[in-house]
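Before I ask anything, let me first share the structure, which is written out below as structure tokens.
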Amino acid sequence: MKKALSSAVVLLVLGIICGAVLALVNTITSPVIAQYELDKKMEALEGFFADELTSNQKIADVFDVEEIEGTGGIKTIYLLEHKTEQTKSAVYSVSALGWKTNVDMMIAVDEDMTLRGYAFVTNGGTEAIGLTMIGATLNLADNISIQDTVQDYDSVGGVSAPVTGSGVKACFQLVALRVSQDLGGE
Amino acid sequence: MKVFFGKHGFILILVAIFVLIFGLGGVYSRFMTSELEEHIEENATGAEYALYLEMFPGADTLTPYTPGEVSKTYPLAGGRGDFAPTVDKALKILQGTSEKGVVYVINTKGKEPMKVGVGISLENDACVGIAVLEQNDTPDYFSQLGDPFYSQFDAKALSDLALAVDTFAGVTYSSKAFEIALFYARELYAADYDFVIPTVAMTLVKLEYNFDPTTFIASPYIANIIYGDQDTEAAVMLSASFDYVGLVGGGTDLEADFQAAVKALAQGAGTLNTQASFVSFDEENNTLVMQTKGYNPNAIQASIVLNDTLDIVVSITFVSMETYANQGGYGDYTGGPAPAVENNLRNQYLADGDPNVDGVAGATVSSNAVRSLLQLLDGFVEAQNGGE
Amino acid sequence: MTVKDNFFKGFIKENPLLVSVLGLCPALAVTTKIENAIGMGFAVLFVLVLSNLLVSLVTFRPKLRELVMPVRIPVYIVLIASLVVIVEMLMKAFLPELFQSLGLFIPLIVVNCIIFGRAEAYAGDHKPGESVIDGAGMAIGFTLAIILISLIREVLGAGQITIWKSAVLDLSFLFDFLGIEPIAMFMKPEGAFITLGFILAAVAAIQNRVNAKKNAKKAEGGAK
Amino acid sequence: MARFAGGKAPFLRISDQPNQGTGIIMRDFMIGLAPVILFSWYKNGIQVMIDGNIGFFEMLYPLIFILLGGLMSLIMEGITLYIIHPDSRSLKGVMAKLSTSYPMVPGLLLAMVLPLYTPVWVLIFGCFMGTVVGKMLFGGFGHNIFNPALIGYLTIAVTLTGVINAAGGVFNASEVLVDSYAGATPLTLLSRIKELDYDKLVAPYGTLWNFFLGTIPGALAETGALAILVSYGWLVYRKVIKWFTPLIYVGTVFVLSWFIGIASGEPGIWFPLYSILSGGLMFGAVFMATEPVTTPRNPLGKVVFALFLGVFTVLFRYISTLPEGVATSIVFLNIFTMPIDNWTAVIRARGIKKQTAIKASVFAVLFIALVLYAILKAGSMYTAFIQGPIGIGGWF
């Protein structure tokens, strides 16, 4: 009885020690991880605003970035304000149901409600069709109004993927409905 | 060494044979693949040429030649700027030794670059067929273009004044590509052979709104033109899409060629703001209904009551507005709940009578829409004044 | 057994992957790139050396051993799991790309038979120093084995060698010269199984031959 | 008396024919292959050269390609034997082993079912997978479970189809110059358009007579039904293969296709004929379903095997997205060779009695269930006929 108890105590002590060590390591690594994830996000944003940045500028040097939690299919909204020109833009991280899984997109909108850019983050749909969507272009005209993207986008070339396509459409729709709330100016 | 070969000679020979076969076989199969590519290419050219020969019954040979240089630009569908088509190659179609026609292969552009061959018959200066060689447009749309569309190119006379390609509903971009190709082929044909592109002598003097309340719903625009060899002057009523409706005050209609020319000229003029338009006019109550398009696809409608002589605005009421129920729909505009923007601008106008009202900050699109409505209304009122 | 023997036995003679056939899951799944194999190898090295050390420490003193032995399985699990979580956190912080490509297989080191096997079979009744050497030898043996597998798979399947991040050796000139193309099958699980099978066969054949020679020598010696 | 012979299979006719042996069987088998090889050479080489589309070296290629397959297979088996057998480290030792193990056959058959423009390294890789992995690693001739040639073929089909298509695919030089094929073999066309329509399936290639003669696109040797029938006659005459296996196999596919056609509202006789004449069915039935090592040994077993082959071929061909079902179904049923062989041997020896009735009924029930499934499912693949009014299609 006593032996069993002391074995349990040994286990307990070990557990506490291990827990303490883990906590220690976590305090060291968690800021690094958080920083890394932030950098990742900023890097994704930089893709949209490449023309505004000179070669070694970071996005935070030129824009004030504000992160807002979204609602519904919109997961996160990044509001960017140009530090000198005061122009505003918004980048939406949005997801909608495609074929079986979600289509995750980043959609950037400028202050005049035109589409600045879009990118596929992960793919919905089956592997083959989904993979073709990464980096796909939707044949949208330059500076098209965000309201028009919903009808105007092109199904991904070469694949007729109506269901995944409807996911893409839903993404644009979500942004189109939301955009005026964030950027104003109707 | 000798011991090594004695022990492993057999496997070395086997491996050597293996490597030899791999090498020789690889060379052979590469040779085969390159030969195949040649065959495929031969076949592709053959198929393409067969397509052209099919356009000209009885033709048997074709010879490539260098066409004259023509540079022209055409506007693309959807307001995407101008596009300068180029000629890829030109082929003379021969029957025996006599020339039957010519085929121009033209790089044009629908939604995406497209390559089409346009066949023109020398006998009657008419387009006899069109062949799509390459296209990258959205398959769903492009496939809607079927025989009814392509059959319009059979025997389409190039001397037709109103030469145009009938747009297939919903496939405007691709349809426009064919029109560009056809026009450009006509230019090339005119440069290469003694063919003169028909023109209509007509100048557009003035294009303005129709403020006559009895006709402005059917034909909201009036164009003053000078046309014909005798420089006849005329005022022509045009529909909302600039189609010819009739002459102001009646009279003999213009000939079809001139009708088409008026439309083209008016469309190209671009001097009118078409955002706002008249909807109806109630003579008994002197009530005018107008509409304008703002940010929302549903139009803003306003009902305007005028005095008896129609030259003073009594009141403006908005029948329908931007449908945003909360002020969030106006972005960061903070002047109160909807329809604050419309009302704000209306009040400005009613106060000083100047239609160039100041826009409401943060609601630019709606403001523009309402402003253009007010400007049109002002024009109407002034026209009635001048009429008296 | 000398220290040298103890260290090198994990390379070929008792290689955990090629002889004991332990840790198949990472060996088959992450060996699509040499980079992944190296990363996995370091993770295993870290965990195995430390787990051997810790296990040996808690079971080394007779008194402590008496207490630990009845609950040794939970004790081992707590130790190994803690180490793996530490590796996971460190890798996520400092080698995020590698962490993403290794993915699920880092946490799965917890249930990797090599770690548990060495704790149970060796570290539980050897001195801490010996256990560390054993763990290092085993981990390096495992690493070399999966590097070998991934070398074959990556060359045949993708036509390149990814040593570390951007240090990629592109072999496409060789493939072009020979007129062949990478065979995608080797990047898939079936290719992993075939590659591992051939390597296992080769290792077994070599060991058989070495043993036969040794036995022959012994017999000779006996006859004298 | 063959039935008392011991040791490893195949026994075939060693004892019941005086002064005959595996060497003679091998010679007969090679002669049996000759018409098919010559036909594929004629179709892909000589005829095209007569048409004036290719030169001399291109003309030789089909023949060399097929022989190369056999040679590669031979050399690989030699090297493998050298490595794994200590007593075959000399020419004599290896030759002694090779002379009894049909080393050329897998490579020859593999080369014959590959498209004309397969790069040689793909063929070599297929030979490696077939001969070394599919045959030698199982223990060599007589021990392999799967048909080696088909293992090689399936490996290539699964991983390297893209390479073959990039290099030119199934069309020979004169077929490339004909545009109406829409770039596909008959079965690819069927799996693409999913519609039973004579005008769309058969008309682009001519008539069914062309299918019978083999002047349609396809892998090197699989299209020539006539040449395969000649081979079949010879092999049966020399008793290298049992006459009924290919017949039952092809017959099952024929009857099932007919039913499927009727279920799809296409009762014409052309569809079953089309389905037995297109793809590698005839070739697989004569040369692969009769392979002595990997198929059941007793006659009843062969019958059951062939029946199931027919059903599975129909299932794979019409229901899965793969264009070809013959190779897959043969390799799949190779797994069940042992149980089929054992059970049918018992049934054959004792007749349908109490003890064997259950085994026989298992076969019967399985077979009938598969046949029904195949007809209903495949029938509803091509038309709404079943799906609509009866509503069965939804179950599957």
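Letters are used for the chains, namely A, B, C and D, taken in the order the chains are written, and counting of residues starts over at 1 for each.
Operating definition for what follows: a residue touches a chain if its C-beta (ideal position, glycine included) is under 8 Å from a C-beta of that chain, and two chains touch if they have at least 3 such contacts.
Just so it is clear, the model here is predicted, and its values are computed rather than measured.
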When contacts are scored as defined above, which chain pair ends up with more C-beta pairs, A-C or B-D?
B-D
Chain closest to the middle [Cα centroid of all protein chains]
A
Centroid of chain A to centroid of chain C, CA atoms only: how many Å?
37
Cα centre of chain B to Cα centre of chain D, whole Å, reads 57
Taking each chain's centre as the mean position of its Cα atoms, how many Å separate chain C from chain D?
43
Each of the following residues of chain D touches two or more other chains, namely 119, 121
At least two partner chains per residue is the criterion; list those residues in chain C.
178-180
Listed in rising order, chain B residues that touch 2 or more other chains are 26, 29-30
Chain C-facing residues of chain B, complex
26-27, 29-30
So in the complex, the part of chain B that touches chain D is made up of which residues?
7, 10-11, 14-15, 17-18, 21-22, 25-26, 28-33, 35-37, 39-40, 42-43, 46-47
Please give the residue numbers of chain C that touch chain D in the complex, ascending.
178-181, 183-185, 194
Residues of chain D touching chain C in the complex
119, 121, 125, 133, 155, 158-160, 163
For the chain D and chain B complex, residues of the former touching the latter
53-55, 57-58, 61, 64-65, 68, 71-72, 75-76, 78-79, 82, 89-91, 94, 117-121, 123-124, 167-168, 173, 176-177, 179
